[in-house]
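Remarks on the structure that follows.
Here the chain labels run A, B, C, D and E in written order, and each chain numbers its own residues starting at 1.
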Amino acid sequence: MAQIALATGFVLILAGIYGALTNRDILRMIVAFTIADTGVNVVLVAVGFLPGRTAPILDAAVPVAQAAERIIDPVPQALVLTAIVIGLGITALMLAYAYRLFRLRGSLDISNFTELKW
Amino acid sequence: MIRNVLIAGLVALLGVAFWTLAAGYVPDAELNRTAAYYAANAQTDVGAPNIVTGIIVTWRGLDTLGEVTVLFLTSAIIALVLAQSKTPPGASGAGFLPSGELLTTGSRMLLPLITLLGAYVIMNGHLTPGGGFQGGAILASGVLLMLLADPSHRFAHSVIARVESISGLAYVLVGLAGMALAGGFLDNGILPLGRFGAMLSAGAIPLISVLIGLKVGAEFSSILESLEETEDA
Amino acid sequence: MVSPVLILAIGLGTAFSLGLMKPARTRVLFGITLTALGVMSAIALGWTLALATGAAQTAEIHTAGVAPPFAINLRVGLPEAALLSLITLTGLLAALSMRAALLRLGRGSQAVLLVLVMAVSGLVMTRDLFNLFVFIELIAIATAGLVLLSQDERAIGAGFKYLVVSQIISILLLVGIIFTYHATGSLNIDDITVAPVAFRGASLAMFLLLIALIVELKPFPANGWALDIYTSAHPGFSALFSAATGSAALFVVDKVVAPAGTEWLPLLTGIGLLSFVASNIVALRQENDRRLLGYSSVGQLGLILAVIGQRDVLGDAYLYVAGGLILSHAVAKAGLFWMSSMVRGRKLEDWAALRTRAPMVLAFATFVAMLVGLPPFPGFYAKWDLAQALVAAGRLPVLTLILLGVLIESAYLFRWFGYAIKREAAENGLASNPVDCGITFATVAGGWALGYLWGNGPEQFNLLATLPAITAVVFILLEPLDARIKNGLAIAALLGWFAMVAGDYDPMRLIFAAVMIPGGAVILLASFTEKGRRLGFYPSAMAMYAGLALLLEATTFFEFFAAWEVMTLGSYFLILRGRMSEPHALSYILFSLGGAFAILTGFALASGGVQPHPIDGLQDVAAADLAPWVFVLLAAGFLTKTAAMGLHIWLPGAHAEAETDVSPMVSGILLKAGLFGLFLMLMQLGRQSLYGVDLTVVLAYIGAISAFLGAVLAVFQEDAKRLLAYSSISQMGYALFGVALMNHLGWLLAMMFVINHYVYKSMLFLAVGGVYKRTHTKLMYQMGGLITLMPFSFVSVLVGIIAMSGVPPLSGFGGRWIFYNAIMDADLRLPLILIFMAGPVGFLYLFRLIHTIFLGQLKDPHRKLKEAPVWILVPQMIFVAFLIAFAVLPGMALQKVDGYIGSIFGDQPLVWHGRAITSEFGYWNPVAIMAVIVMVFVAVFAILIAKNHDAQMVKQFNIVFSAERPYRPETTHFAWNFFAPYRKAMGFLETPVVTSFWGGVTGGINGAGEFTRRFYSGNGQTYAAHVLLFVVAVYLIAMGGIA
Amino acid sequence: MTFEWIQIPYALLTLFIILNYGLLMTAVVRKLAARVGGRPGIPVYQNYIDLVKNFALRSKISHGVMYYLGPVFRLTGGIGLILFVPTIYGSSWAQNFAFAGDLVLALYFVFFGTLGMALGAGESGHPHSAIGVSRGLSQVTMAELPLALAVYAIAVQYQTLSITEIVAAQQGGLFNWTLFTNPLAVVAAMFAFVGTMMRSPFDVVLAPQEIPIGPPTEYHSAYLALMQTNRAIFPIAKTIIYMNLFFGGATSWAEFAIKAFLLYMIPAVIGVVHPRFRVEQSIRFFLKWGLPVGVLAILTV
Amino acid sequence: MKDVDDKFLKNIETEFPLREELRPRRVTTPDGQEIEIEPLKDYFCEAAPKVHPKAYIPIVEDFYNWARANSLWILGFGTGCGAIEMRPLMTPRFDAYRYGIQWRPTPRQANLLMISGYLSVKTLKRAIRAYEQMQGPKYVVGLGSCTINGGMYWDSYNTIKRLDQYLPVDLYIAGCMPRPEALLAGFMELKKLIKAGKGEGANKYAENFATYKANQKSVIKDWDMPDYNW
């Protein structure tokens, strides 16, 4: 189960990276990166998974005393939230950049923005 | 094409690394010591049934403050990025097709519900799945709906900015208060932990959740708005 | 003491609260921002001070009221506090530097800046892996935002490229973090260190973590994105990006590598070295100033990464070394970026505009010296300790690569400095204003303060606390005074120092001291000619003299090396002052640094890491296996200074193009430093052989070849000062040969050369310089017939060449006499041939010098020339008097030295009775020689006067010209290519083998740079692919090594 | 050896003898050459007449101080060389001022006159002088090299730099001469001897028609007279050195006269049968032949 | 036949302007100042020749004259066909060396100027310069008829007829051309003159310098040198 989730996550990451590196369109690159981000998030969550356990919320189903035996690892869950938000922030930022770049050159092809080199 | 093949090769090599990771992965049978500590001390330390929220808001509160800052930064920077392209107020939106009746009416109906849901998610973050981020995002989706429904509508920038600033500042102050009154920066113990599982419990978590929610909502709104206000959006 | 977490809180709180202000009140907003940064700096500085003085203990800050590893915790120890100070101060100054852009873009940009500073500070303090990630992302986003402050539209593209790469980094980082967490069950760095590794993917997780952090450090070649940012971003921000972010990222790597374990260190070393060397090579071909700084930045980060890779051997010195390098880099780089905001043009040549403001040149020089790691800056001390540790640990290849990188770096930095000093300064090329100047000088002051602090380190020799160095610094402050006043002070300072120390020296040291210190004062007399303020001359000259003074005072390896570097640096600035000296000064400093690095390595080898190591301790290694290698390295260094053939190509240009009073200093005095070093070395190490070859024999051969080829090359020069410069090579060859003979008389010969060469070469350079002052040319064939117009100069050249060619009765003959006696003992036969050849060849060029300048036909434009300025003549006449006195009474200087050398070799081949000297083989009575020659001369002269007293004085054109009339002086003066037949017969010796060799080396390196920089195609996607390639490549290498 | 006042008249006497010997001998050599050519040749006293005539010239010019001093340097160089070298071995009075310095002094003092002459010639402003100097200096650098090597070789051989001691070591029979004890060194030295005697094939320095006698082309009257005096003295002085170093020295004036004459005849004989080398040719010649012999000499000592 | 063509004398200044390189000019010094250069004044000595008295004691002068007579150093000036007759003097058959006669390559060291053959106007200038550059006492011997009266070139527009109008000739050796024997006889004659103290041509030249110069300049139109060539 965890392996499958992990594998899925990794495949998403790889696919995202491949997409980001082969698509010259900036918007496509951004989309590819969101895919990769998603993959990362999947990996994060998958690592926190313990077989046969439940969400880390101490309610009626999970009494405090048995919490340690009943819940999955809450830390990756917390981390993934942060990761998602950060990914979101960066994606938004990239989009804004993409917009500015488009305004600048009338193009979204990343190979058109190579004035700075060597 | 060659380039793509090369990159595919690189990605494949990276995949090998990942494969090593995945293949060697054995799920833990037991909670590791950190998680175990959280599970054991959620009630006594933070008083929040939702351990994840407890981690987010308290134990790893600094991360969360950082997250909020990420959004703050993003919104500020997007405003900066798009600043030069911004059209004068009032002139924008002229080029849009008017949004449909369905959308206008639907948004009018949904908006209060969305707001309510957002508020709920925020307030119950320490009890049930949810929290400031989730709620804030929901609130912002309401704003998005409004923007979609009426592209030429202008929000009061200063209001959003104030909410953004005040909630952020308040968050920092709460953190500092933790240093002054309790165990350290961002300690939620500045307020009484209250009864475990109650609405107003878990110390400052609900307060921080609210601040986060407001902050996140405001930031998202601000981002959306900035994006929307570009001249040909 | 307030909690350091307030730095974060203030930064963040202020950033948030800026939104509450009215956006229109820009100045108030900016004021608030500055205040916040100021308070943050104050807190950081307060902690640094408290921790450094021991008033406070390392602060462990727990958040959420829970002890780690369960909640995020922060730590502020001395390194953290120092970095925090660096970061916040850089932030403050950067804010000032970017004030225009920040005011224009309003509160949002200021908030971003605050957040950036806050995040970088947080990165330094936090001990939590995931928190690291958060701060890194904050930095990434804030960076992407601040890049926009630039007016340069290309910055947007650069920002996007940066974001793309950040995405990849964050992916790797997150995967790494989560698996590390999985493996260790903790996110706390300190906790991970103690926890066992749980499964076999853990090292891979650690790899991903580390590699992501390393990519943050912009390693070569995965750094195109960073370079684009450096090129296009606002320089104020670039400073922050390089100094603060870069340093913090390094610190993070350092933090993380502790739990990762020492097996990762070689990887860091490798990446760091590759990055350092390659970036510097690429930078060689760079013409945009900011991009150059960018390459330099990534190079420096690589260097420090490599140093982090050495933490296992550095031990206690680790912080001192890494800190010294980081701070040097940060301060200098930030300063340079801030200066670049004042320079209008973006070409390196445009920095010539700095020249219009002298303090700016000082700033530039300070920063360049800091970057290269020259004294008195922290990088210098760090480099020394690093070398010691590396050699002690047997990591010579690492040291070699580091030094190679530094050398290449200094190549482009000093080339750039040369541009600034020598190139055409554009009209209005400098947008200087009080604020930017203030920022720059605050940075400069910081640099010097750090230099002092580092010098004050434990068991350290503080260069800035020595009297000579202080004097040199004082002369910087005296710059506004008139040159004549400064000159008087300088002479007084030199003489005063000599009076202070002379009593403590043994005779040999005393001779060197006399040549270097009062000798320098005599040459300085010539400087009274210069009017105005002569900016830059006195600090440079006094730095050189300070170096020389300290060299003589040095008792430990480090003191010696420090003095050596100070001397080199001072003389470089001096040489650079010459009119056409830019390329020559560059090759001078490069060769000197190369030589200095050889010395550094040699010392490190000899000391085996024990510090401080007395110079006398060198003899303890004389019997060790590594002694020959120490010998080779030290000799290489010293030979570079004496410009032995092969390492000489810097000398002719440097000496020839220097100013009139500088040439004698660098030729007459500075070259002796190399001899001094050789003496010290041979005294301690004695004969050494490597693979069965006696190294002193090799030295003797080098000396002989230098003596001969130097002379031959001098014969073919048309430029008078170049001729003298080649002659110096030849003369130093003689001295080297003498030293290498390793017998009493050989050394005495060398000492004789020390004195003689100083006197006659200084005299000749001054004379030629005086002529140059009047004729404005150094090309001999353009002069001629100046004898009647410049009789005093002529006399000094005449006496100089008689002395130099060894013709009795002047003092050069003494040298030859000792030489013959010395070689009688030696087994070296073959190199003698070259030495024998060199003598008459020397006569050739000397005659040419005097003939083509002073004799022959006077040229029209020179008909009304005046004698050289009197202050140039005064030292010459002193030298003439000395030469004659020394010729008659050589014992006054040599007898004591002879005794002293005798005490070293345990023999006494010379017997001094009365005025005569007797050796085992021959005898020499200088007084008698002088008397006989003078008597005969006077008698013959009397006869001639009796007969020819009524000779008709005729003009230069009254010559027999095959019954024709000479046409014009130019065509009647046989001067150009004077020794044409000699060239026909021996011209093959002139083939520039050495020059082509070094030309090939530099050409090769430059070509590599040109080729390599094509990697940086400018395409963000390619850059991302580079990152991926880098990661995969390192992965393959590392997994091979670690798994 | 120390100085006593009596040495001054002794030295002057030696000088006088050598001067006359030189003047006569050069004339005799010229006369011999003329006789070989079937001419009566100059009178043997012709050199004296020329000397007197040149001293007796009424008008003279001067190009400047160095021009004026050039011949003084030149003659001082010649006389000094005589005075620094012991002439007759074992003689109580023909030792001159040899106590002032040893072989090294003699070797380097040779350049004194050369330098002065070159400077004087230089100031005459005549390009031919400069060309002559250029040629002369170029040639002498290589010509002197075998001598330097040979001198080193015999100094090592005899373990002394004192000329007197070197001569002493050669006493007691023909086969004690360096010529036989160290023939390589002598051959090398003779290259230098021939090369520096300003005779064909090494006289392109003077080249009377091309660059009218080279360096001294502007000299006349008493200047020339001084230089003529030197030309009488200097070759003898040089011959004395060679004689002392390689050919057993002279124990009496007669031996001196014979040996000096024979030595002097060597370049003269070589000169009459050889055409002139160009400078670069003679440099190559010495490199090719003189230098290897010299190297062999110092390697085999 | 007059050597001087009056027509030419009139416009010497315009017809034969001073050579470019001898004209006064302004030169910039290295310091940037302009200075005036007058080549004739700056390059050459302007002094006139002096009359040198004989030695104070007559017997010394006689001794000197004897030495001078027995040490005749020739500057051969091969201006015409007569020069060919000089060569045999070096051969075994005639061998002038035995009389103390030598050839010197430079006027500075010679004291006997042999004008061997006719002089054209152009060579006269060189002959004058060579003569003036010799140091006194110095002697001039005219060789062959051409130097006496122009000989076979008596009516040439371009040949000097009487050498002693331009230089103080001590002795003419007549003949066209004179044989080497005649030359030797001439030398013997010259020796006698010198020994008798009559070889004072240099002083004569100095005393009558103005006359000689006027004569010389009247035929040599392009006088591009100082009046006396030291």
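The working rule: a contact is a pair of C-beta atoms (placed from the backbone, for glycine too) under 8 Å apart; a residue touches a chain by one contact, two chains touch by 3 or more.
This structure is a prediction, so every number in the text was calculated from the model and none was measured.
Chemist: So which chains count as neighbours of both subunit B and subunit C?
Modeler: Chains in contact with subunit B as well as subunit C: A.
Chemist: Computing the C-alpha centre of each chain, which chain sits at the greatest distance from subunit E?
Modeler: B
Chemist: Which chain, with its centre taken as the mean C-alpha position, is closest to the global C-alpha centre?
Modeler: C
Chemist: In whole angstrom, how far does the Cα centroid of subunit C sit from the Cα centroid of subunit E?
Modeler: Here the centre of subunit E sits 69 Å away from the centre of subunit C.
Chemist: Roughly how far is subunit C from subunit D, centre to centre by C-alpha average, rounded to an integer in Å?
Modeler: 53
Chemist: Where the CA atoms of subunit A average out and where those of subunit E average out, how many Å apart are those spots?
Modeler: Measuring from centre to centre gives 111 Å for this pair.
Chemist: So how far apart, in whole Å, are subunit A and subunit B when each is placed at the average of its C-alpha atoms?
Modeler: Subunit A and subunit B have C-alpha centres separated by 15 Å.
Chemist: Please output the residue numbers of subunit A that touch at least 2 other chains, ranges allowed.
Modeler: 13, 17, 21, 47, 75, 79, 82, 86, 89-90, 93, 97, 100
Chemist: What are the residues of subunit B that contact at least two other chains?
Modeler: As it turns out, subunit B has residues touching two or more other chains at 7, 10-11, 14, 18, 21, 25, 28, 32, 34-35, 38, 60, 63, 66-67, 70, 73-74, 77, 81.
Chemist: Quick check on subunit E: which residues sit in contact with 2+ other chains?
Modeler: Within subunit E, the residues that touch at least two other chains are 45, 50, 106, 108, 230.
Chemist: Among all the chains shown, which pairs meet the touch rule set out at the top?
Modeler: A-B, A-C, B-C, C-D, C-E, D-E
Chemist: Can you check the complex and tell me which residues of subunit C touch subunit E?
Modeler: Result: residues 774-777, 860-865, 952-958, 960, 963-969 of subunit C touch subunit E.
Chemist: Going by the contact rule set out above, which residues of subunit D touch subunit E in the complex?
Modeler: Interface residues on subunit D, with respect to subunit E: 34, 37-43, 46, 49-50, 52-54, 56-61, 208-209, 212-213, 217-221, 224.
Chemist: Under the touch definition given earlier, write down the residues of subunit E that touch subunit D in their complex.
Modeler: 45, 49-50, 52, 55, 63-64, 67-68, 70-71, 73, 91-92, 95, 97-98, 100, 102, 105-106, 108-109, 111, 135-137, 202, 230
Chemist: In the complex formed with subunit D, which residues of subunit C make contact?
Modeler: Interface residues on the subunit C side: 785, 787-788, 791, 798, 801-802, 805-808, 813, 816-817, 820-821, 823-824, 829-830, 832-833, 836-837, 839-841, 843-844, 847, 850-851, 855-857, 919, 921-925, 928-929, 932-933, 936-937, 940-941, 943-944, 947-948, 950-954, 956-962, 972-975, 978-982, 984-986.
Chemist: Write out the stretch or stretches of subunit E touching subunit C in their complex.
Modeler: 21, 25, 27-31, 33, 35, 37, 42-45, 47, 50, 77, 106-108, 126-127, 129-130, 133, 224-225, 229-230
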